[in-house]
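Okay, so chain A shows up in both of these, paired with chain B first and chain C after.
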Partner chain A sequence: MQSFNYLAPHSQNELCQVLCNTAGKIIAGGTDMLPQMRNLKQTPSTLIDISHISDLRYIQESEDEVLIGALTTWSDILESPLIQKTAPALAQAASLVGAPMTRNRGTIGGNLGNASPAADSLPPLLTLDAIVHLNSQSGQRQVPLRNFLTGPGTTDLKADEYIQQVSYKKVALPFGNVFNKLGPRQGMTISIASVAVLLALDANGKITLARIALGAVAPTAVRCPDAEAFLLGKEPSTELWQEAAHQVRKAIAPIDDVRGTQEYRHHIAGILTRRALQTAYLSLQE
Partner chain B sequence: MSENTLIGKPEIRVDAWSKVTGQAEYIADFPLEDVHFGYVLRSPHPHASIRRIDIAKALQIEGVLDVITIEDVPGEKIVGDIIPDRPVLAQEKVRLVGEPVAIVVATSKYVAEQGGKAVKVDYQPLIPVFDPVQALEEGAPLVHASGNLVSHIEVQDGDPKAGFQEADLILEETFYVPHIYPGYLEPEAAQAQWNPDGSLIVWVSSQKPFHDRHLICQVLGLPEEKVIVRVATVGGAFGGKEDSSLAILAALAAWKTKTTVRLVNTREESLLAHPKRHSGQLHYKAGFKKDGTLVTMQVTSYLDTGAYASYGPAVGQLHSEVVTGPYKVPNVRVDTYVVYTNSPIAGAMRGFGAPQANFAAESLMDIAAGKLGIHPVDLRRKNIWRPGDRSYTRVRINQAESLQLSLEIAEKEYRRLKEIPASPGKVSGVGLSLSVQTMGLGFRVPDDSAHALEWLPDGRVRLYLGAPELGQGLMTVAAQITADALGLSLDKIEIALLDTSQVPDGGVSCASRMTYSVGNATIMASRQLIQGLIEEAAKLLDVEPAALYYEKGHVVRKDRPDLAPIPVSEITSRLAENGQILKRQAVFSFPYGPETPDHLPIGMPHVLFCFGAHVIRVEVDPELGTIEPKEIVAIHDVGKIINRSTLEGQVEGAISMGLGYALMEEMKLKPDGKWVDNLTEYLLPTIMDMPPIIKTVFLEVPEESGPHGAKGIGEMGLTPVASAVANAVYDAIGVRVKAIPIRPEAIIKSK
Partner chain C sequence: MQRIQVSLKVNGKKYRLETPPNRTLLEVLREDLGLTGAKDGCSSGECGACTVLLDGRAVNSCLVLIGSADGHSIETVEGLQKAGMPHPLQKAFVEKGAVQCGFCTPGMLMAAKALLDQNPKPDEEQIRTALAGNLCRCTGYTKIIDAVQEAAKELRYE
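Right, the complex of A and B next:
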């Protein structure tokens, strides 16, 4: 048990001021923070509860973009037709986060801020080239997600900043976008490895867009540029996916932990990638 | 009894409403005035000597009432369930991570925890030992000065050596089973209230309130009439709440501070400090004839009981009794070593030594079947106990015919499941195993169960149930049997709070024997209650008792058929006016009759067995190594179904525990030297890990000594799961797993 100050700003303006004046830790749904506070991995002197800031919970679209407010919950995401259409892998990932209670409380902003290498939202967002929008008293800043993630549990977020939203450019239809996750059990599970792919083909059936991102196999969720470059311009085939999987295995740096060994992670990262590519490809045939 | 019998009806549980509406009172949220909170300071070391405990700083903290150590214990400082080997609080040394060292009592949880941090314990770490085989080696660190061997159970029947000479196939295999956590929703909790007359009331979440009272009295040096134990709502137990440690600590804290003290374990404390299932290494050597006849078996098991014996010696005994599986083996040699280590304590847990044996024995049968070229079903059929057979412990097998019945159904299910095609990319496999589980505590262990009934003035009946409801449905089944015996509707039975000063000693809620013992006792008490009613009614009516008979809540006059039957309430209310209570108590003693041989090769044989079979279809992902249970068929002989809903609940729950044992659960020692101590790392199966189809098939081969023929079911549903899964995995991809939990890594590596 710890003692801490508790602040609950009701607007983004108030939040900016609070962050300017106080070294605190932001809490939203609490699904990551509370367990970490309980086991003393987090011992904030001030807890800044942003869950009362109602204008941070939205899923919106402009002509070419989708914007997701930081306080949008997993349940919001998985039920959103817009997300299902423009980012099916993200909707899929949202449906696999924790249990219904976790999904009703946990937010996408929290998932980004917590920056677990195994966070479910990250591989899908990485395949969308997502941008993280940060805000503070001194102004707004936009950081590509892949630069935002700096290590296990660390990000580019400055002490006076908060995550306002995450956005991605709509990808021209049709495209295949798939999330694959393997954990040590089926429900409420933390990934041993996860993968998201985004795939598009031209009229001749050649790959015009290939993005591959993995979770839980490196200090941060990672993209695999070599494997992506390798796929471009080629025709899908089982052998091609196999080779891409091989490239992916070279790009990752997994560790041993209680959920799985380094060796096993290496092994399954390739298999999950190959299968995700095939599923994405098949979804384009429908 | 009556034609509208309640027996077999899927009655809604009597505790369902209070539980689903949150009204049931668990200790953690029990309304009690002026309660203080205890913080148990626990050892961070698996093995260390204690040079000094400094409590001075903690005592200075405002709000801290007291800090209690072993020095404060007025009575027995070292107690135990079977062997007195466990200090109430650490004495001179600690033997496991999580061992209680001191209790800080304070006005709030927060202050108590601050107090705990202020207690300085000077430890001198000692080299720990975690492996039961290593612990028996020369020069191994001594967990207890008396040596690391707790008990060696040695049984021999026939001539195993000669048996091996006769055998055409000799198999030798070693199996490994993990330490696992009972995983109840409610962690252990206890609270105690000191009264100005020096007496104590202790609320427990426990399977054995009368034992708790006994141990509390030992530790505090109090006579039993000074201590009342009350059982609060118990949020699951599974054997893990046969441990009195927290009840003793709460009582000690209340006694020392002369206040009311509550102790509620965190999940971490529960995982580290309270009893688990024994892990172990099981070496099997078995000899078969070409035709599949099992001729000889030699089994050496090393069971890790952790730092304190708990129920280890008894677990070792039961394990030894069922180590051959339900098979007739003429030559058997069994050596079971129960060993101290610095692992978490292992004690009672659902199955009590049988699941370990089952995983090994039923895996071995399939290995043998493969080598002999005999179908696993046929190999079992050849060797199962038949009516009239005796086990190798020379105990006559009851309802042996249900084994064959189970096997026949299992065979049909096996063939049906084999026909189901695998999902794309997966490989399907079907595994089968038989199950034997004992009932009762075993010969020479006091195994009486007393319960009482009182006919209230309003015509309802109060059942004084002497053993706790753990969540398994005991209250419902007991009320059903009682209502049936009295010809009343279920809503006419109310169940008294379990308070050791108010109810008779019903024994420990354990050992698959509650329906059996409680059912028998309540039927006996019902008969006596009716007889008492007739006698009292006869006096009131001034007739001979023979002129009256009882029917469905009424007393009927044979001599005056013209008169309307008299509702019981008219009689009991009259008795109440005269200050009379109509109450009867009955004791059911587990029958260890003339059939029990005099010179048994084993100290504690059980004389009643429960049988069943499980068939499971799994799908293995050959690339990922993952195993997905798709369908499980659980066949069990229960003698007689009392309540189908609670019965199905018991079996389905047991299957989920069995799947956890087979596929994911393990108290692992991490590379950093810490045990997994939370439910993010210690994984229990979720509903999504359950097979989409669970089919329960119940046989009703009556046990003549059982209430309506009923036998036990509490444990048996778990016992065969792990071996059935392992056999199904082998069937799917040809990988023979000899260690559980089965990890995908192991499947990939072995391929």
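Right, the complex of A and C next:
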């Protein structure tokens, strides 16, 4: 590994000062950063290791919100009853990140900061209208996740800021919230495409809430507002899901890469959407 | 060149060492402590040959920066045997023929230990999930799963 200057702040105050005085790259769980440093995609001259800041690892709730600290691991998320109840798609996505070893080290803050278009946390968090909380010496800032993601691997994070937590408003029960991903194998796989949906119905069975987000099919993970608006007020049916899938295919801009072709991604994005909507609908019938 | 002080507890024994920061836990275990059980396979968190337990959880030691391991407790395959007697997992791997070339075995054993410590009676699906990040090119996995089930049985009788 290349050499670097190593700083390991033990508190958020210390981290603010370090970020104010030093241009450095933050490392949390290291599951993305270390491979990137080995193949020289990242060559930080200063590495700021935040893994010792213990008060950045938590899952908390207030009356109407859930707050997840940046250093919360995938294992923490998938094992949390609070997440399973308020964000089932996020718990599901967490269970599909890498293997247990990755889930025990990889953090939600790292996933957001790394901003891979294929990051599994992003579609579920987008369906929850998640807010990213940033902090620095000069104060706090809250940015909706969909604005935080600015491109493949790029975010709205400023050089002196760090991701403190991500939050979402609790959605009134009952609702269906499902994550679906397709990769080359079932375990330990990076998504060729992924989708999360959030669905709620009124007493007459009409759709009152529809949120659809996709990963790995555009420069960032994206919401599909046209498909969502199309579903509102309608009654669930196989044909309806088919039409929503069609709308989703119009909203995305996939590319060819090592994991799949543009054409294939286009095709499966629709299929994954249709399946996720149906699964979310069935979960509401239970 | 910057050097950092790191305190580790490895297989119950405390170590205090000084090292350049651009090293991984795996490198320190193998090169400084002579614990060569954990292997360097892919260096990118794909193969699981470097799996050790950090505070009881399975991790890829090739993806743990040594500074990040400071103050933590590590278990490696060398810590499995007690007083020269193999751990039930090690015994079962031998008896069930779950070892061929052996390169993946230390990582398999540690990932399996992490599973059995949390879940003493895993079904096949749970074992496959727990070992999804440990690649084996020899056995075809079936015998490894048999071995984990066998060890789980023995551990439950203890």
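The rule we apply is simple: the second predicted complex is superposed on the first by the 286 of 286 C-alpha atoms of A that agree within 3 Å, B and C clash if a C-alpha of one lies under 4 Å from a C-alpha of the other, contacts with A are read in each partner's own complex, and residues count from 1 in each chain.
Operating definition for what follows: contacts are C-beta pairs under 8 Å (C-beta built on N, C-alpha and C of every residue); 3 or more make two chains touch, one makes a residue touch a chain.
Everything numeric here is computed off the predicted structure, so don't read it as measured data.
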After the match on chain A, would you call chain B and chain C a fit or a clash? clash
Of chain B and chain C, which one touches more residues of chain A? C
Kindly classify A:Thr261 by the partners it touches after superposition: chain B alone (first), chain C alone (second), both, or neither? first
With the two structures laid over each other on chain A, which partner does A:Pro35 touch: chain B (first), chain C (second), both, or neither? both
Touch check for A:Asp49: first (chain B), second (chain C), both, or neither? second
One more residue to check, A:Ala8. First (chain B), second (chain C), both or neither? second
Applying the document's definition of touch, where does A:Thr238 land relative to chain B and chain C: first, second, both, or neither? neither
Which partner does A:Leu182 contact after superposing on A: first (chain B), second (chain C), both, neither? first
Which partner does A:Ile271 contact after superposing on A: first (chain B), second (chain C), both, neither? first
Tell me the contact category for A:Ile190 with respect to chain B and chain C: first, second, both or neither. first
Do chain B and chain C touch any of the same residues on chain A, and if so, which? 1, 3, 35, 99, 186-188
Which residues, counting only chain B, touch chain A once they are in their complex? 109-110, 113, 623-626, 628, 663-664, 668, 670-671, 676, 678, 680-681, 683, 685-689, 744-745, 748
Touching chain C in the complex, chain A uses residues 1-6, 8, 27, 29-31, 34-35, 38, 47, 49, 51-52, 75, 98-102, 104-105, 186-188
Write out the stretch or stretches of chain C touching chain A in their complex. 1-2, 4, 20-24, 43-46, 48, 51, 54, 57-60, 62-65, 67-68, 70-71, 111, 114-115, 128-130, 132-134
Mind listing the chain A positions that touch chain B in their complex? 1, 3, 35, 39, 99, 182, 184-188, 190, 256, 258, 260-261, 263-264, 267-268, 271
